[in-house]
Structures are given as C-alpha cells and as structure tokens.
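After the structure tokens below, expect a handful of questions from me.
In this document, chain identifiers A, B, C, D and E correspond to the written order of the chains, with residue numbering beginning at 1 in each.
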Amino acid sequence: MIVRDKPNAFMLFFVVQGSVVPVIAPQILISAFVAIIVHLGYLYLPSFIPDFTVTPFVLLGVTLSIFLGFRNRASYERWWEARKQWGQLIIDTRSIARQAQTYIVDAPTGTTSQLSSGKANKYHRRIALLAVAFSHALRHHLRDTDSTDDIAPFLTELDKITIKTVQHIPNFILNLLGAEIRTALQNNLIGEISARNLEERITAMASVLAACERIHNTPLPFAYSLLLHRTAYIYCFTLPFGLVASLGVLTPFVTAVIAYTFFGLDALGEELEGPFGTSPHDLALSSMSKTIEINLLETLSEPHLPAPLLPKKYNLS
Amino acid sequence: MIVRDKPNAFMLFFVVQGSVVPVIAPQILISAFVAIIVHLGYLYLPSFIPDFTVTPFVLLGVTLSIFLGFRNRASYERWWEARKQWGQLIIDTRSIARQAQTYIVDAPTGTTSQLSSGKANKYHRRIALLAVAFSHALRHHLRDTDSTDDIAPFLTELDKITIKTVQHIPNFILNLLGAEIRTALQNNLIGEISARNLEERITAMASVLAACERIHNTPLPFAYSLLLHRTAYIYCFTLPFGLVASLGVLTPFVTAVIAYTFFGLDALGEELEGPFGTSPHDLALSSMSKTIEINLLETLSEPHLPAPLLPKKYNLS
Amino acid sequence: MIVRDKPNAFMLFFVVQGSVVPVIAPQILISAFVAIIVHLGYLYLPSFIPDFTVTPFVLLGVTLSIFLGFRNRASYERWWEARKQWGQLIIDTRSIARQAQTYIVDAPTGTTSQLSSGKANKYHRRIALLAVAFSHALRHHLRDTDSTDDIAPFLTELDKITIKTVQHIPNFILNLLGAEIRTALQNNLIGEISARNLEERITAMASVLAACERIHNTPLPFAYSLLLHRTAYIYCFTLPFGLVASLGVLTPFVTAVIAYTFFGLDALGEELEGPFGTSPHDLALSSMSKTIEINLLETLSEPHLPAPLLPKKYNLS
Amino acid sequence: MIVRDKPNAFMLFFVVQGSVVPVIAPQILISAFVAIIVHLGYLYLPSFIPDFTVTPFVLLGVTLSIFLGFRNRASYERWWEARKQWGQLIIDTRSIARQAQTYIVDAPTGTTSQLSSGKANKYHRRIALLAVAFSHALRHHLRDTDSTDDIAPFLTELDKITIKTVQHIPNFILNLLGAEIRTALQNNLIGEISARNLEERITAMASVLAACERIHNTPLPFAYSLLLHRTAYIYCFTLPFGLVASLGVLTPFVTAVIAYTFFGLDALGEELEGPFGTSPHDLALSSMSKTIEINLLETLSEPHLPAPLLPKKYNLS
Amino acid sequence: MIVRDKPNAFMLFFVVQGSVVPVIAPQILISAFVAIIVHLGYLYLPSFIPDFTVTPFVLLGVTLSIFLGFRNRASYERWWEARKQWGQLIIDTRSIARQAQTYIVDAPTGTTSQLSSGKANKYHRRIALLAVAFSHALRHHLRDTDSTDDIAPFLTELDKITIKTVQHIPNFILNLLGAEIRTALQNNLIGEISARNLEERITAMASVLAACERIHNTPLPFAYSLLLHRTAYIYCFTLPFGLVASLGVLTPFVTAVIAYTFFGLDALGEELEGPFGTSPHDLALSSMSKTIEINLLETLSEPHLPAPLLPKKYNLS
C-alpha cells in the first residue's frame, strides 16, 4: 500500500512509484504508435485510412465509462471490505486477549493484579499467542506463501509437529483456541457464560477467515472483465481513426491521454479486485499482522516489543 | 465459475471459454447482417433507406447505458450476496462442528482429549455429518436436482427412509439437527446456555437457506428485463440506419462492436441474476459443498479425506 | 409477480402479460400523435412549427436519465428490501416453530419423541398456528384487505371474538404469542434463557411488521416523483419539435421508442415503489404466506397439507 | 410528508401542494427573464451579446447532473435512514411495553391474566408511558421545539419538576427507564436475564436518539452544497447565451424548463438533507409519535384511545 | 465542520469561509491564465496554437465526471462512516455510564437512590470518567496530537504515571476499563451476566477505535487519486485549446468555471477522504468529545458542567 502525501501539481506528473503507469505503459505506447501510423497514413495515403468519424466513439465511450465505473466500484468495495475484515481481526484479537484476562481467573486466590498468577496466567498467554499466530497464518494463507517460520514463535513444540500434517492452518489454530476454552471450562477457571463470550470471538475470527477466503477465491465474473478488456482495447486502438480527420498531428497525444485513462482505470480495477497480493496497490497485511503482534505482546506485558513495519519507498507491504 | 489468469492482450481476442460471446453470437451476427444490407441499400437504392441520423442513438444510448448499468449492478449484487451466503454457510458448518466438540461433553469422565469418548462423541459425529448433508442438500435444492445419492453417506438408515416422504429436504435436515440438540439437552450432555449457542448456528443455517431461496425464486422484475431487452434490440437493429451515412463501409464493423457491448452486458446481467445454475458464470456450489465436506471430516479426524474439486477447462462447477 | 422464462428475440416484441406497455400505452400514443402532427405541420405549415433543435434534448436527456436511474434504484431497493423482510418472516416463523418444539418440554416425562405429549404439545401447536395467522394477517394488513376469513382457522373461538375489537391485528397476534411464552414460563415448561430465545423471534417478527409498514406508508418524496413526471412529459411531448428537422417522416417512430423507454422506466419505478399491491410487478405475498402455512403445518406433522399456489398466466399473486 | 395518489397527466402540471416549484419560483423566473433579455439583445444589439455556443453547457451539464445525482442520493439516504430510525423506534417502544408485561411479574401470585395486578402492573404502565414520552420528546428535540406540554401527561409530578433543570430531555427519560429496571430488579420482580433484555431495548432507543442527532447535527459537507449551488446558478444564468443563437425566441422556454430541473433537484436535495423539519417534504414525526402513543395505550388496555393524525391538504405533519 | 444556514443566491458568490475555493485558487488562476495566453496566441499567432477541437474534451469529460463521482462517493462514505462511528461512541459512552449505575450495586444495602453510596458509587464514577478520557484520547490519537492535558482530569495519579510508558493510549484506557469490571466482579458488586453486558460496551468502543484507525490509516488507493489528479490537470490545462476556436474571448471565463468544478470536486474528495483533521471540512471531533464529557458528568450529577463548544466563524472544530 502506498503511503505518501499528495505531491504538488508539478511533481504529480513525475511520480512513478505507486502509479499504475508502469503496468499499462505498453498499451499506451501501442495506442500512441497506432495513432502515429494513422496520422502518417492520413497524410500520405489517405485512401487507405478509413474515417470512422468521432460518433461511434462518443456512443461507445459513455457506455464503456459507465461500465468501467461499475466494475471499479465493485473492485473497490472488495478491497475496502477486505480492509474492514482485517480491521475486524484487529478488534477480535485485541478483545480475545483482554477478555481472557478478564474472565479466566484462578478462582481460589481471588487475586486482582493485572498479571494473574498460576494456571490462569498460562491461559492468558497461550490464547494471546495463538491469536498472533492466527493473524500471521491468515496472511500467508491469503498470499499463498509458507507460514511456518512466522508462526513458529507462537506455538508449542507439539503444535509445530501436528501442524505439518494439517491442510488448513488458520482453521487448525482456531480449533486449538477452541480446545483451550474447553479445558479452561473443564478446569473451572471460567464460567459457562464467559466461555460463550470467548467462543463468540473465535466465531468472529472464523468469519474474518471465511470472508477473506471468499474475496480471495471468487474474482469478479470473468466474462465481465473479458468484455470490458476487449471493448477497451478495440476502443483505444481504433480511436485514432476517429480523431485523425479533425485533430491531425495532435492525434497521438490525445489518443495517449485517453488510453491512459481507460487502460489505467481498467488495470486499477483489476488490481484492487484481489487485494491480498504484494503489489503497491494491495493491502498492508504484513504491517497489520505485525501491529496485532505488538498490541498483544504489550497486553501480556512483554518487556521487548518488536518494531512496527515502516514503508519502503512509500510502499507499506 | 471461470478460474483463470487474465490472458495477455493478444490472446484476449481469442478466448471463448468463459466468454459471453457464444450466447450472443446470433444477435451480433444479425446486427452485422442488417448493417451489410443497409449499406448495400444505401449504395444502390438510397431512396429506400431511411436516414435516422445519429442523434436518436446518442439520446437513447446514454439512457440505455445508465439502465443496463443499473440492472447489472443489481444482478451482480445478487450474485455476490449468494456467494456471501455460501461463505456464511462455510462459517456456520465449521462452527457448529467445533462448538459441538466444545460444548457437548461426557460430564462424568471429564476427559480433555480432542476425541471425547462415549455418547458425546456420537453427537459430535452426527452433528458434523448432518451439516455436510445440509450443504449438499442445499446445492441440489437450488439447482433443482436430486440430492439422494450425495446426502446418503451422511444419514442414518432411518433418515433415508423418512426423507422419501419429505418435500423440503434442507429444512428437514435442520429439524434433525434441532432434535439432536434437544436430546443432548435432555441427556444432560450440554448446558442450557451452550445449547442456545448451537441452536443459533441452526438458525443461521436456516437464514442462509431462506436467503438463497429468495435469490432463486425472485428474479428481477420481469418488466425491467423486458423493457431493456426490447430497447437493446431496437437500438442495435436500427443503429445501421443512423451510422451508414457517415461511416459507409465501416457500418457493419462498428455495429457489431456496439452490439457486442450492449447484448453482452444485457446477457451477462441476465446470467448473473440467477447465480445457482451450472453455466460458467454461476457460482461453484459443487466445489464449495465439497470443501465443507473436507473441512468437517478433517475436524472429525477422519483418516481418508476426499479430494477437492478441480476446474475443468478453467470451469469450477 | 411474473414468473416465466425469457421469451426468444422474436416473441419478445409480442409479450404483453407482465409488460409495462399497457400502463403507458396512452402516453406513447399521444407522443406519437404529437409527432405526426408536428411532421405534417413541418411539411405544410413550417412557419408555425418552432424548431427546438436537438441540443436541449441532449442536455435534458442526460439529466433525466441520471435521475430516473436514481429513482429506479431507490424503488428497486424498496422492492428488494420488502422481499428480504418476507424472507426474514419465513425464517422467523420456521424458527419459532422449531424452537418451541426444542425448548418447551413436559419436564417430568422427559420424552424425546418428536411429538411431545401433554401440555407442551399444545404450546407447540398454538405457537405454530399463531405464526401462520400472523403471516396471513400481515399480508392483508399491507394490502388493506380484510383478513378475517384467512386467519380464522388458526385462532381459538375466544381470539375470534376479541379480534373484532382490535385495530391492529398483526400486532395483536404478536401479543398473543408473547402471552403464550409468559404462561409457558409460569408453568415451568420452559427455562428463562430459552424463553428469551423465543421472545427474540417475536421481536424479529415485530421488526418485519414495522419495516413493511415503513415501506407501505412512506412513499418516495412526492416532489421527486412530480418533478420527474413533469420533466418526462415535457421532454417527450416536445421531442418531435427537436427531431423533425433532421428525421422528417421517421419522427413519430423515434419519438415513440424514446417515449416508451422514458415513460416505461418512470412507470416501473412508480410500480416497484409500493411492492405490496396485486399488480403483476408486485411481490407474491399470497404465495409466500401459503408457503409459510405449508412449512409450519408440516412441522406439526399434519396429515393433509394445502397445495402451494401456482402462477396464473405467469402471474404469481 | 405529502400523501396523495399520483394525479393524472393533465392535472400533473397544476399541482402546487407538495411541489418544489414555490421554493424555486424566483430562480426559474430570473432565468427566464435573463433569457428574454438575452434574446432581445440578440435581436437588436447582437454585438453586445457574447455567443457561448452550446459546447460548454454540454461539458458542464453532464458533470453537474452526475454530482447533483450523487448529492441527491446522499440526501435521500439520510432521509430514508431517518425514517428507518423512527421505524426502529416504533419496534422498540412496542417491544419494551410487551416485554415489560412478559418479564415483570408479581412472583408470588403467579397470575396469568393480561392485566397483572399489584406492583408489576405499575411497572408495566410506567414503562409504557415513559416510552410514549420519549417519542414525543425526541420529536421536539429534533424540531428544536418545546416538549413540555406534549410529554406532561406521561410523567409523574416529580418528573415534571426535575425535568425543568434538565438539558437533554430524551436522554433524561432513558435514565428514568433505566431506574425503573434497576428498582424492579432490586424488588425481585424481574430476573437478571430478563432485565438485560429490557436494558437492550433502552440501548436500542439510545441508538435511535444518537442516530437522529447525527443526521440532525451533521449536514452534508457545506463546501459540496456551495460548489453545486454556484455551478447550478452559473449554469442556468448563462445558459441563454449558449442557446439563443440556435433557439431564438424559444430560448426563455427551454431555459425555464432546464432551470426547473436543475434548481428543483438542487432544492429537493437540500430539503431532504434535514428530514426532521415541518416542510411538506419532511418526515411525518407528529403522526408517528401519535401512532406510538395509540399502540402503547392499547397495549395497556386503555379504554379511550386518541385518534390518529390525518393529513391536512395531503400533508401529514 | 462548517455550520451555517445556506446564504441567499446573491451572497452565495461571496462566501469564502467553508468554500473550497481558497484551496484550489492557484489551479483556477493558472487555468484562466493559460486560457488568456491561448486566446492571445489564437488572435496574433494562430499557426502556433494547436486546435484540439472540443471532441476529445467531451469524450474525456464524461469519463472524468463518472470517476470523480465514484471517488467522491467513496470519500463521502468514509466521512459519513467516520461520523457514524463517533455517533456510536456517543451511544456507547452514555450506555456504559448508565449500565454501570444499573448493574453495579452495593449488594447488602439494597439502596435504590440514583446515587448509590459506598463502593459501587466509586465504580460508577471511575467508569464514566474513563469513558470521557477515552473519547478525548481517541480524538488526539486520530489527529496525531498530544492528549496528556485533556485526559489528565479523568485519570488517577497512578494512571498518569503508567500512561507515560504506553504506546497506544486509547487501547490502554480500554484495558483500564476491563480491569474495573474484573475487580467489580471479584468483589461481587456485579453479576456475571451483567458484567458481560458492560464488557460488550468495551468491545463496542474497541470497534469504534479500530474503525477510526482503519479510516485514518488506509487512504483511498493512491494510484486512483494520482490518475484522477493527472487527468484533471491535463483536462483543464489543455481545455482552452479546444474552446478557443468557438468561444474566442470567452475562453478564460468558461475555462475558469469548468476548472472550478473539476478541481473543486477533486479537492473536496481528497479533503473528505481523511475526515479526522482540523480543516473546515473535517468532523467536529472536539465538539463531540466535549458533548460526551458534558453528558457523562451530568449522569454523575456533577454540579458544574463545562460549556459546549461553539462554532467560530461558522467553523465547529
């Protein structure tokens, strides 16, 4: 995710980092090149250059804009929903750690200190660490990368062995959390009502997981993207034939500007559609799971907290 | 559902699998054919060819685009809501299986092992299998196909006999789940608060069922589709009369491109409106109910898990 | 509600049932008639026919389309929300019947059979029948018709006498349901937590009632409809003056097509705005309340179930 | 709120009550007057009349329409959300009255009659009357009027004295409701779980209060309204310069129609933005709080119910 | 936030306070300046001035409008969601104070007075003050300013020392609230069910915190803003070349009006995107946290309440 102040009007035209231009440079250049050829043809071989007039481009341009707008809205909503789900994950992990400390208590001692001693304290620690592990595991799950190294510090030795045979790691960690609540309940460290409260947090984390999987696995209908892609290509590559009669030598410049707009919006819609990747337009999952780690270790009163991630070249990964 | 990477710009024009072109090829060809006739008429019998000028098409084109955009937005929202409901089903089935293991326990033994022995274990298994059966039954219910074979492995012999007299199979399976909770409660294997928690999951599954039935049974208002269809047909079939005077021999090409866009968007809106079918644009219900089956059997520690469904020719059914 | 497959392209132009054409035929014909007069005037008395040129119609047409689009979106959302509320009613009535069977039990006998004997069974039956009565009463309430005959089979003799003095019948039935839960609680047939669960269902049914009343009683702001109506009328009736100079004899045809689109979209927006009527564009409330009746009687293991409603001439009422 | 059937096409042009025309008549007349001046200037002093051509108006008109559409959508959503909040208030007040009767019972007598005798009955009455008082107080709070007279019949003498020193009357009434629940709990007339249920209703009423305050206190960003106002004024007052060359004597008529559309939509957006006033476009708060009063008095089995409000000249206040 | 009545039509053009004009004055002036140069060039050096014709500007103008509309909608939704979250905070802080008084009671005395004596009273006060501190801390957190002075009056001496070592102050205050509930529970001043109710309020406040952090930390995708900025700049700075041939001396005026509209909408979208700042378009966080302070101190029956914030030059900060 690009994090930077808006550049001023002059610098605006020279920003490359975070722009969609590198992605669509070939298409823009080809459009401009077609326009140059068309213009030369119009000057020296006019009979070979069909004159489309500008009319079809007005008809088609409005339709294309409306539907690109519709698709970009849908893509943006996916991107923003994905961000909301991770925001929800931040709430749920913070809450499960706080609620574990509130509800799981060593009944007989009746201690009121923030750091409950004895068995309850082990549960507080275990639940918070599993929540951290879940957030790292979810990130790797959504980026199709290997989570082993990132989650190892938060698991027991037994977990690390069991996890090798597991297909769906985030779901497995949720089951581990459920098992903690069950044993706390059986050991009378928590009441039934409070246990239900913690269980609700696990269900909420399961909701985040399923919602992220939904966004990750179900792209916008392929036929839409295909139709819009095709129309955008036909539009931009034939546009010079419509403009050359009235614009002459300016045709390549105007074609390039319009191609930049249409291809740029098309490419952005496509990039936002899958918000969990590592491109500059994607969400800062690494930074957010590191934030969860810091928050929860602070709740456990850990003396040494890891540093938050900082953007590299304005890009927060 | 089509699952594939975006093809490159050149290949883009030759993709057929997943495109809407096969559906609307007749309409595009007829439009182009009309355009050829109109052009020939304009050349040889100009007095018989009315000149519509392009004005009415600009007026109507904007309106048509705005309303096609409105309808496609509504259709897409139905499609995406249907996907959300199935995502919710994945959450609810995973959660009911996990919560059954957490809450239904053989009280006296106080065992903490993942595989509770005795009666409780039978409930864990029964509830998970009924949840799998529900997801298969729902798929068949929404596709108007027969679910008998797919749900048989997850039912008892008695269920299989009773189910023959039942009209609404998914609803019947929810009633079976409710009966399990009632008997677990009466046998003191679960507390009243926890039973309510499981009951909430059943209500959530009933919500998914009713929402999917809503989308399946209530299409967009027929008169809308009719009005947009008619306007799109009149528009595309009379368009050549508006273009021929200024475009000449290019009329068929331009007509075909515009017809492709309008008929394509119209057809896509119509296909997404009913997202539970088996066309390449519909949701991958078979794959999702298989995922539920795998997840829940893994939760039951089954040794042999079925393989997930893979796309055939990029199409995940 | 019109329920039919999409007709093919040729038949499309001859479908009347479910089309909005009958509603707006007068307006279309008047527009076309005005256009014929204008054309004749243009031919024989040109000095009396003002030439508006097409410019104002482009300016106004875009604005009108955008705002018709806005209004139709709002109307559609009302229609779809109304359908969602009825879908919610289906969930809540099914759930209250299932939950009554799960939670209200004859404590001492500890029977596990589906058909609890004794007092509990009477509550199961009474609650399910009241839920059916509520759905019929709500339908009549929203259609401003008399519900007496349709709800009588589900009420006691005492209810039938009391209900004659009642102003708000659906609300009265909810109060009867609340009274059942109170007496079940006082007779120790249900626990306090479970009673709360049933009470939540009644509150959910009260939400459906209030939401439907909101949609029924609060139309879109009248001034909007008025402004859009007026603009649409002025637009379509003056359009021939703008087209006649360039289109000549084609003016009436083009005017009629554009009038069909604008008046049709305006009329459809207006019809969907109030979705509880009995026009072909309205929701199939009769069919849905019959479905609720069938579902709940099946849950009570009634031997003879009523038949579901079938569409008449593609129209499901 | 205007409540009337749609007038027929002819009457449509003469409806004043409920139209936005009276509000914007000055602007329309000024636009038309400017157009007349411009036309006269064009005829007799053409060199003093700049010719804008229609091009800038096409460019600006589309932009203005899109942004007026955006603002009207936002205003309508505020208006509709306000209506939803009041619908929610109807649900919550009805439910708190019903739930008070269900949950607050004179424990020892075990009476099952609808009219519980003794202490419990006093709570039923007090809670219902406070809920009515809240709805009247909220209406006055949102309309910045004095609620003393309207809420007096539902308060005790002590309340009436205390309320004189209170700044925020609706919030004070919610605190009174909370105090009732506390004392009922302390007198063992209600269980802890059921008390929580009633408390949830108070929280829901507090949500309605805060949401209505949000809509009332936070208008759309002022700079938006300013920008759209200014652009609409510049547009309509310079439009005659763009039209006069092609339209001649028709310029004033066309200008007036377009000014009616743009100023009308601008004015409507502004009126709907603050939906709690007493203009004909605002919500019928008086009628809705009277409905709440009638519903709750009926629940208390009051013999004499007040009459519902009726529209005056189609206007329901 | 600007709070003022709409000025009349004449004054409208001279309002500066709250307008976006000061922000975009440079761009408007540069556009107009370019237009003057182009016009002079067109008069005296016509061969050096390319004639773009107006066609590309129509093509691009519609696209730009649609996407500016899309972005402004998204920005507005962020702004309005931020306001909703603060409205939710008002509800939650009021509710936690009221619920603390309802649920935390000195069990043995059974007092029913509004001002519970003894230990419970200390909890009421502590919880309300912490809720006030949270709202001030959240404001400073979102504005990246130092909260020490504003929250000091609501904390204990111990808190003030501890807080110096804390990174995330709002989260720390929520943990303090959680600790109060834990000790109240351990001292038997509150039941388990009621404690859960208070804990839900804390979770709700944590949701507000996370949602505000989401809006604060995740701007709209940078590449969108960049693409729209660039297109708007190219559009407005080349527009004179398209208009000069037909508009002549009016070119600078028309260019300035169109530049005002496009740059204004672009700038407004950007300002609303981050709604927590202190510009006149941002939310009145200071006023709202002061309102929370007043409401909660009034609930504690404090004799001297602070005065609400008033707008300065129509600007409520």
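The rule is simple: contacts are C-beta pairs under 8 Å (C-beta built on N, C-alpha and C of every residue); 3 or more make two chains touch, one makes a residue touch a chain.
A quick map from chain label to UniProt name: A, B, C, D, E = Bestrophin family protein.
None of these values were measured; they are calculated from a predicted model.
**Student:** Centre to centre, by mean C-alpha position, how many angstrom separate chain C (Bestrophin family protein) and chain E (Bestrophin family protein)?
**Tutor:** Their C-alpha centroids are separated by 39 Å.
**Student:** Using mean CA coordinates as chain centres, what's the gap between chain A (Bestrophin family protein) and chain E (Bestrophin family protein) in Å?
**Tutor:** Roughly 24 Å, centre to centre.
**Student:** Spell out, as numbers or ranges, the residues of chain E (Bestrophin family protein) touching 2 or more other chains.
**Tutor:** In chain E (Bestrophin family protein), 58, 62, 66, 69, 193 touch at least two other chains.
**Student:** Looking at which chains touch, is this a line, ring, star, complete or other?
**Tutor:** If you draw each chain as a dot and join those that touch, you get a single closed ring.
**Student:** Which order do the chains take around the ring when read from chain D (Bestrophin family protein) towards chain E (Bestrophin family protein)?
**Tutor:** In ring order, starting at chain D (Bestrophin family protein) and going to chain E (Bestrophin family protein) first, we get D, E, A, B, C.
**Student:** Would you pull the chain B (Bestrophin family protein) residues touching chain C (Bestrophin family protein) in the complex into a rising list?
**Tutor:** It is residues 26-27, 50, 52-53, 55-56, 58-60, 62-64, 66-67, 69-70, 74, 167-168, 171, 174-175, 178-179, 181-183, 185-186, 192-193, 196, 199, 202-203, 206-207, 210-211, 213-214, 218-219, 221-227, 229-231, 233-234, 270 of chain B (Bestrophin family protein) that touch chain C (Bestrophin family protein).
**Student:** Could you list, by residue number, the parts of chain E (Bestrophin family protein) that touch chain D (Bestrophin family protein) in their complex?
**Tutor:** 1-4, 6, 9, 12-13, 15, 18-20, 54, 57-58, 61-62, 65-66, 68-69, 72-73, 76, 79-80, 83-84, 87-88, 90-91, 94-95, 98-99, 101-102, 105, 110, 112, 114, 191, 193-194, 197, 243, 246-247, 249-250, 254, 257-258, 260-262, 264-265, 268, 271-272, 280-281, 283, 294-295, 298-299, 305
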